[in-house]
Amino acid sequence: MSKLALDQLLQALAATAAERDRAGGTALRERGLIRESGLLALSVPVELGGAGASWSEVLQVVRRLSAVDSALGHVFAFHHLMLATLRLFGPRAQWEPQLRQTVAERLFWGNALNPRDPRTVLVEEGGRLRLRGSKSFCSGASDADRLIVSALSAAGKLIVAAIPAGRAGVKVLDDWDSFGQRQTDSGTVLFDDVALDEAEILRQPGPLGSVFASLRPCLAQLILGNVYLGLAEGAFTEAQERTRARPPSEAIDPFVLRRAGELWAELQTARLATDEAGRALDRAWAAGDALTGERRGQVAVAIAVAKVVTTRVALTTGQGLFDLLGPRATTGQARLDRYWRNARVHTLHDPVDHKLRDLGSHALWGEWPTPSFYS
Amino acid sequence: MSKLALDQLLQALAATAAERDRAGGTALRERGLIRESGLLALSVPVELGGAGASWSEVLQVVRRLSAVDSALGHVFAFHHLMLATLRLFGPRAQWEPQLRQTVAERLFWGNALNPRDPRTVLVEEGGRLRLRGSKSFCSGASDADRLIVSALSAAGKLIVAAIPAGRAGVKVLDDWDSFGQRQTDSGTVLFDDVALDEAEILRQPGPLGSVFASLRPCLAQLILGNVYLGLAEGAFTEAQERTRARPPSEAIDPFVLRRAGELWAELQTARLATDEAGRALDRAWAAGDALTGERRGQVAVAIAVAKVVTTRVALTTGQGLFDLLGPRATTGQARLDRYWRNARVHTLHDPVDHKLRDLGSHALWGEWPTPSFYS
Amino acid sequence: MSKLALDQLLQALAATAAERDRAGGTALRERGLIRESGLLALSVPVELGGAGASWSEVLQVVRRLSAVDSALGHVFAFHHLMLATLRLFGPRAQWEPQLRQTVAERLFWGNALNPRDPRTVLVEEGGRLRLRGSKSFCSGASDADRLIVSALSAAGKLIVAAIPAGRAGVKVLDDWDSFGQRQTDSGTVLFDDVALDEAEILRQPGPLGSVFASLRPCLAQLILGNVYLGLAEGAFTEAQERTRARPPSEAIDPFVLRRAGELWAELQTARLATDEAGRALDRAWAAGDALTGERRGQVAVAIAVAKVVTTRVALTTGQGLFDLLGPRATTGQARLDRYWRNARVHTLHDPVDHKLRDLGSHALWGEWPTPSFYS
Amino acid sequence: MSKLALDQLLQALAATAAERDRAGGTALRERGLIRESGLLALSVPVELGGAGASWSEVLQVVRRLSAVDSALGHVFAFHHLMLATLRLFGPRAQWEPQLRQTVAERLFWGNALNPRDPRTVLVEEGGRLRLRGSKSFCSGASDADRLIVSALSAAGKLIVAAIPAGRAGVKVLDDWDSFGQRQTDSGTVLFDDVALDEAEILRQPGPLGSVFASLRPCLAQLILGNVYLGLAEGAFTEAQERTRARPPSEAIDPFVLRRAGELWAELQTARLATDEAGRALDRAWAAGDALTGERRGQVAVAIAVAKVVTTRVALTTGQGLFDLLGPRATTGQARLDRYWRNARVHTLHDPVDHKLRDLGSHALWGEWPTPSFYS
């Protein structure tokens, strides 16, 4: 949990990131390193044994991890998003023991909550609850110890629950095969008549069940923004380091400097927008149940701005770093195209044009984004 | 100097801004209102009778003024740049009485320092100093009480001095005629054998004569950035207010909302970059003679980023506001094109491509911009 | 109608364009020069006494006129659009005499057809038809000899008719006051109980009444594209001529050359797209009533592409020419901002985002734009 | 050489393109298909047994091949560039038999001409000529029957010659490993004391030795433009076909349509610019030794415009197709990222900013690009 632990983790991830981008699949060894680093307890309050980091601090770690390995940066971030889901959707009596146990046993949480995929249902038979169906895009579900799952009840209501990943009937498929974010394990989870206890359902206040609970999508969106920003920072660092490693005899083209300045100015402003959104989230989180819709709206707007600019900078830098380095940087061995590939895949999570429309409604009419799992 | 004074001033400037954009020339009445507001003492330290505002605070006022009247925003800002020039280029014994007098007599300072125009020379004849020649782009020189002037000595050295604007031989031409920033009076000043006292020359440390003194171009560039940002804010506010004033029956085109979101996100990030640069300048200013070259470099880089993004947002918003409002907003009476016209003229001050090249040198190689009157 | 006549006209318009941009109002003298040039007969078939130019040829003239004076370029183009309206919406027996008379008497046609403005109605009282109400955006109606007017019938049907501009009850207001396209006279026309003869209504096939008739909006849109392109060409020519007129000692900044290349490449491709659309229109026009919906669709798509790229290039060049020329080009006397102002006002005619959506429907799904007065 | 042959070839290449992008290395089977298609004789004059296609026609084939397989499109195009090099740099007596033999034996030509790599030298020892050293970026050298090689003479003069690829001492390394254009075999060729006959050197007029000879870089640049354009067309076709293959129930987001329109309009204008440049090249080629510097300049400028816009559209479409298709299109199996990867690698051939600067010199000052191997 210390700075040293993070630096060691970063170094270890960086050393093998290109090779693991090639390999794909579950990064078992690296997930082990994350467990050992203690960073899975980063967002857990001090009184429950955690490091008590603010979301800004957690997101800085997400960003640094993503600069060297955006797949594991994402998985790490989603672990903390799952912990936040417990805290936002359920009562303290429910999440406190879960968080304590997470610290004590170094539990890794994975995602099986995907509100856009309606195929998993919750059925009641003879007084017993069962999960049946499947979920796509379940990042970090492989090798997870716990899952946050969503399902539709018979009445069509969205149910969110926390279960052990190893429960009978849960099957995590190894079917994630994208050209980017290759080790996020964002594949399918099957629920083959999985038993569910009523006490595992997060009912108070439930999904987006209060203003405070509706910070969940805010955090999720800002995680994306920080992963994107990390990608841009990682790409620019490659350009920097490889430029400086070249023989000094190579003349610098003024147009290359101009282009570098253009990319870097965009990166700087994206950093500022993302940090600003992080501070806004910290303040809103601290307000707890006193959070008003208007303040939640301000946070959502700040985060939407960060999302828009980090989306752009991740793609632009992933592409533009080659303008700075020239053809020799395209060697297959270095796999520098992974910055663009990771950015391209991840920025498709939800359409940035919808964010722009929401921002426009706010900017012209003063409206706040309607809370949903994506805004 | 109070908030009320500023609000009243803003209201008064806004009421006539469109009409004065048409008229051009010197805004005598409005310059009078600025004098009366007490805001000419805003940057003067409290112990000398001023308001003791930080540069960040001064620049916030510049920004708000520029949102309603970027010509007077610029003139106001340059008054304070002239005061800063005294403090940066001369010893305390020289500037302290000048600043006291500025407060006491509500003196308005104008600019006759233009290092790119070599036509004004300082000659010594019979032990007496004389200024001869002319200077272009002398913003705010009309109706000024004091001038900061620059001239080349016989040895080709740049001399900067502070003189009363009314001194015999000083002639401020009314020849500024641009399609934007029409009331900045950025015309020519003639020096017809103007007497100069050695004590009026700022010699210790002299122009850019120390690391601290080299903050002058930093402030100058950040003033530009704040004027540009003010223009963008003013333009967006027009779009907002006019949209809301329309009959609610008018359907909102989702593409217009998207475009508004795009413009507004850019505006938000430009604000963040400009505020960040302001804080960096405040810290560097507070360091005084202890300021290192590296910290000065950091300030210059932060300001260059702000300059780049505000340049873009001022032009984009000045043009884009019509995408939001449609053809009826082009009525000649409203003169809403002045946002773009003002931005277009002012953003030509010095080439933004050179800023990008400097940023690229820093970003790729870690170099700091070489201090000059433009970087 | 000769090349000489055009060159003389261009020279005469160019000589006073900046001054007339300042003055606004109706360009009576210049409209007179257009009449004298014979160019009002340019699109009229040879057998009716005209020059028999193809639409491509007419649009080349529109483009050249617009490069020096986009207001009169527009008015000239709309005259020919009115002649095309006669030919497309009415039977030969109706338009043939009108065109002959247009040539013989050098009639100038103006526009009072604005389908978006529903305020003018056609009423029948005692077997007599009357026009009542008003129309906005009636380009070229001042000093016109003939008008094409539109009105809604009692049944809500759009009626288009050709009438003498001097008919009792027609009142052309001098209320056009926009910051751009200042001499297009695009003001309001009032119809105070204006008598209308049934024979003046264009009924066969009527407005957009056949595939061939639906070329009318194609021509209208391509006129806009050519005016925009002319604006860009005019702006770039200013940059070229003023650059070459400078003392050769002035060093050329490589960044300025790069920017010039960027603007010019965009201009070249806009020319190609506009010429291509012109050829497509010529072919469709030649097909006459044999024109199929699919071929009409191809024309509409080619024109939409031209509209999109000329919209962009007119704005970009109007703004970017100052990047090439620097601050001295902003002198009020030269009024070089008029290229941007004219482009900004005119490109708001109908939203380019809607064109992009139509193009996307075609590109992804193979759909053709639904004919309307704007697509 | 027939349309059927091309269609069959396209189909065969498309069927395995994704898999071969994964595999990399030399596409022996597909190079065989190209040989069998007869298309290696496409640019050879009819009187020498070829198809006598104009360069425009050859480039259309390059474009279509590149839409499905830009690596083989490039290799195919470079074969014809090598044939053009013979014709441009040597006398008829030299190239006529080479071209006849190329047709008769279906010879495939590869590239070992890289003026930027000075490591290969031509030495004379005991009256015998020898090539020694190495060359990088030798596209298509693997599996080639003939090579065009370049070397520096003792006097530092660039020598270009045609030799059999199988000559003793020629070693083509299999060391091309880039993340894009993976089957262009653009690796290193070693010359280990390779014998060279004086008659194999292209001396009349020699490299860029006449105005006509200086069309070689024009053709080379326009080949790049057509490969880029092919990539954009291929990427857009994927978006089209996959969109139409989806269940019709999926609602179309208007923002996606807008984005599709934006990409498609850019694609259309890139096509027009590339076709225009092709026609200009055809005319210049037909002029032969009568070609003037000015007309060569016009061709070079038209091609530079095409290069600039195709560079942009290839990258933009390679990235933007996912905006149209969403996350599911990122599946590793489809390897749709190869459009961007191929475009990114190939567009680094030579800096587009230099083209823009050359275009700016022409646009502002009327200067023609100075002929070199890249302009």
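We just call them A, B, C and D in the order they show up, numbering each chain from 1.
The working rule: contacts are C-beta pairs under 8 Å (C-beta built on N, C-alpha and C of every residue); 3 or more make two chains touch, one makes a residue touch a chain.
Quick caveat: nothing in here was measured; it's all calculated off a predicted structure.
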Contact-richer chain pair (by C-beta pairs counted) among C-D and A-C: C-D
- line: Rounded to the nearest Å, the gap between Cα centres of chain C and chain D is 43
Query: When the C-alpha atoms of chain A and chain C are each averaged to a single point, how far apart are the two points in Å?
result: 52
Query: Can you list the chain B residues in contact with two or more other chains?
result: 254-256, 258-259, 353, 357
Message: Is the chain-to-chain touch network here best called a line, a ring, a star, complete, or other?
response: complete
Message: Give the list of chain B residues in touch with chain C in this complex.
response: 24, 137, 177-180, 182, 253, 255-256, 258-259, 315, 319, 322-323, 326-327, 330-333, 335-337, 340-341, 344-345, 348-349, 351, 353-354, 357
- line: Within the complex, chain A is touched by chain B residues 236, 239-240, 243-244, 252, 254, 256-265, 268-270, 272-273, 276, 302, 304-305, 308-309, 324, 353, 355-365
Query: Inside the complex, what are the residues of chain B that reach chain D?
result: 254-255, 258
